[in-house]
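One chain, subunit A, links the two complexes that follow: it is found with subunit B in the first and with subunit C in the second.
Let's turn to the complex of A and B:
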């Protein structure tokens, strides 16, 4: 390849990446500027691409309804509670499938667990509602969503953890048995630290799913418990939509996952590449 | 320390309807303080045997005793065995010092005593300078020694070493073999060493147990395995280059019985008394085994040659392998090898006469492949 064609390919690639970047960043940019516009400015037929006046008070007005802040807290409780439950159950199940496939029910059971993720969630929306309504904790509680999201997050956690445990050398546990550890201690002290990077990336995926979930939350909760996802539509009133407040609120709701990702990105990358290279 | 006894031990792996018989009716006794090697090709059942001894694998049939106590139903933790793994199995998130003291920590040994033991052992294994590092930073040989150290640090009933030299380069291996032998002599502990490399097994062990095809073939010292192999497999497996085999028929005619190679004009003479025993067995078909080391070029011996016979053959390949030369020869369609002095300059196509002692001729039953005389 001549130097000229190489440079051409490089330029084309850069142009493509630039376009891609514009495409992905535009919604974020739009969210950002809209969050600081006045309500009138958001409703113009010819949109403005930069706020005429910066209305920083929008960030405060979204909390005029005090339950809006507690919705963020509720979402956090549900996402975190669900993530912990998914990790505990998923790690144990994944470990069982990785180490004792026959005793744990074999491939069929493992596949059945995964298949729970494959149906369209809408299909079970109404049955789930009646099912949870019959439970002592009802539908409008933390527990209902924490348990319900397990339907989606536990199969994911189980399968990913199974792959990570398969890659963790068995000899290490056997060495720990011979050195005097019980199977449970060997699992906690020797094997878990090995799969920790993978576990953190699984935790991120579970947490973000539970944080963002709207469909079930909208039907299940709303009075005792409110997640932020069902607060966002409340900025739409009969006659108008307060786009600026909606964007301001959703921007605030974006901060926790972004912060989490920045904090844990080192593990995330390591976790996703775990098992790619044999050590 | 303990003596280990295996009686009629069987291991069958079952999965999805088909069963693999990995160990068949194994009887083996390892004396207290003895160094025994289990030697065999890959898949012969030696690792399964060892995993049953340490308790990582269920025993399908038979019993294992440590000093007379049946341990079949004991967990690995309760058997008090130490094992060094082929893959080292060092805990990657611990330092070398933590790896070494781990088995002591589990047993509640006080910190000061742990430190002292670790440093004593590190001196023995010459790894004092790497105690603060993580396993990933170490070379294969260093990891190997640490893994050995972790097995040696406590006082187990038996040490099990599984293919521990397989990832070490030849030069270091030689040194490690020597050190392992030294450690065994200094500690006087029961050791079971599993390997597929006969050089390691013969160099280290008091006795070697040869396994093949899930079955224990023979247990014995180096000399027993070399001079009195019980069957064709052992004769073939022990010794380098491997033994030459010739399918042969007994020709009882004449006063001196001879074994005649099939489809060839090669004959092997045996002592008269032995020939008569062969003739008395009623068998006609045998396999003759003759080690390359026992086939000497005519005229190169010192002194009077022992009673035996000669073979005439043509040189096909002359391989110079360091301190000796291996000749591949062809006689009447039969290929076989002979060992000669390093300076041998014989080239392809040259005719040679080889002399052997009739006492070195091994005769096996053609059907059962067992040694008959």
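Let's turn to the complex of A and C:
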């Protein structure tokens, strides 16, 4: 290949990258400007690409509807509760798989746990609905979603914690044993601090997945408990869709996952590729 | 000149990737026998309650004539393969399989190709480290958004009469009248567009990180031998990234079989069921149309296909991890 063709291909690729960047940013830009438009301006026949008047108060008026704020609180409680449960169960099992593979049931069991991560949720929705309906906590509660989200978060936490525990050198733990530490103390004092960064990233990953979840929430909750993911699509005023307020609301709701992603993007890759690719 | 002789073989980051280095098996630490079993047993119990039990329940009801009323009265009866027969012979299922193919081709294959091109362009052509990091963060942002927000945002932008997309297309002169994005035959494309925007970032991120972790020493050797550009890409980079690209592809592929969110938010399968995917119908038949036996048959079919895919994926993952010395 000649030097010129190579340069041409490079330029074309760069142009493609630039175009893709514009395509990626345009919807976010649109969300941003719409969030500050007036309701009348969003309904014009010819949409404006820049707000005439910046209605910064939109960010506040979203919460004039008290259920909107409580939806964020509900989402937060569910995501946090589920993260804690996933992390506790996942770390213990991950530790057992990493350090005592044979007694813990071997790699086939570990792979089976992971396989639940990819499981199609439609296969569990209906029976779980009737099961929870018969339970004291019912379907429309924090606990029901906290438990259901374990379907995808706990296998992920188990698997990733196993990978992180394997990376932590076991010699230190063995040395602690020789110093007379009990296994529990060796785990808490020696190994846990070593895997803490990995653990935090798993926690944040689980939290994002639970925060963003839509399908389970849509079926199971809606009256007493409402997550923001099911509130935003239905957030209307009579028959009129308040696009500006919907966009303002979604901008606020997407801040936590975006901020977490920027903080932990290096670990994110590892989590999303199930530990295969090191970020 | 061998790789080991080269001056920069010593610098950090120049070592071989993990899957070249094997770890030796070692003796186990000592705890009571029941401890590891108990630590693993707890999550396994939870999974039995929330995954295995419901699957068995669905399997059972896929052979019963259960609907919502019979379920509450408790008087369903065995109907053999009737539910599967009804599903497989219905036009609705056939159509949804065609829709799924369309979605797989554009939602998965296209995303992995685009993501790979973008990731390698970003790594190989953009020179400044800080610029690469910023671009990467921006390109991956869509993936962090909740699917319901993605759905609402695109539904808004694709509004036929005064949506941003139609207006932009008109201004650029690409179309001469408004595109009816939510008409029959077009609405599935609307979903696919939103999905490509949302998920191309996943293969991009995975392939980019895979490229970062390739050893610079190999490229140094190639440079010394006088290889460059496309040759290096074709003979070194792409073969070494084979596993990583495959994993990105399989992850997307498995997601396709449970993909419901955007269908639900953007079109609800409409108009006239022209944008339904199998997972959406399973959901709809069971929850909204009360035909639980048939919904179970849908779910079991999806489950069977997923099980095959998951098994294949895990086999592959095991191979990759074995080579890395992790498993």
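One rule holds in what follows: the second predicted complex is superposed on the first by the 234 of 279 C-alpha atoms of A that agree within 3 Å, B and C clash if a C-alpha of one lies under 4 Å from a C-alpha of the other, contacts with A are read in each partner's own complex, and residues count from 1 in each chain.
Everything below uses one rule, namely that a residue touches a chain if its C-beta (ideal position, glycine included) is under 8 Å from a C-beta of that chain, and two chains touch if they have at least 3 such contacts.
What you see is a predicted model, and the numbers here were worked out from it, not measured in a lab.
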* To do: Would you check which partner chain A:192 touches, where first means subunit B only, second means subunit C only, and both and neither mean what they say?
  => neither
* **First, second, both or neither for A:31, with subunit B first and subunit C second** => second
* In the superposed arrangement, which partner chain does A:174 touch: subunit B (first), subunit C (second), both, or neither? -> both
* Which holds for A:143: it touches subunit B only (first), subunit C only (second), both, or neither? -> neither
* Structure fact -> In this superposition, the partner of subunit A with more touched residues, subunit B or subunit C, is C
* Kindly classify A:45 by the partners it touches after superposition: subunit B alone (first), subunit C alone (second), both, or neither? => second
* To do: Mind working out whether A:102 is in touch with subunit B, subunit C, both or neither, as first, second, both or neither?
  => both
* To do: For A:264, select first, second, both or neither according to whether it touches subunit B, subunit C, the two together, or no partner.
  => neither
* To do: Jot down the residues of subunit A that show up as touching in both complexes, subunit B in one and subunit C in the other.
  => 102, 174, 177, 279
* Asked: Can you name the residues of subunit A that touch subunit C in the complex?
  -> 1, 6, 9-10, 13-14, 16-17, 20-21, 23-28, 30-31, 34, 43-47, 49, 89-90, 92-93, 95-97, 99-100, 102-105, 107, 109-111, 113-116, 118-131, 147-148, 150-151, 154-155, 158, 163, 166, 170, 173-174, 177, 183, 208, 211-215, 218-219, 228-230, 232-233, 243, 246-247, 250, 253-254, 257-258, 260-262, 265, 268-269, 272-279
* **Residue numbers on subunit B that touch subunit A, as the complex places them** => 15, 54-56, 75-77, 81-83, 85, 87, 89, 91-93, 102-103, 106-107, 136, 150
* Note which residues of subunit A are touching subunit B in the complex, please. => 102, 169, 171-172, 174-182, 190, 193-194, 279
* Give every residue of subunit C touching subunit A within the complex, in rising order. => 18, 26, 28-31, 33, 35-37, 39-40, 42-44, 46-47, 50-51, 53-55, 57-58, 71, 114, 117-118, 121-122, 125-126, 135-142, 144-149, 151-154, 156-157, 161-164, 167-168, 197, 202, 205-206, 209-210, 212-213, 229-230, 243-244, 247-248, 251, 254, 257-258, 260-261, 264-265, 279, 282-283, 286-287, 292, 295-296, 298-300, 302-303, 306, 309-311, 313-314, 317-318, 320-321, 324, 326-327
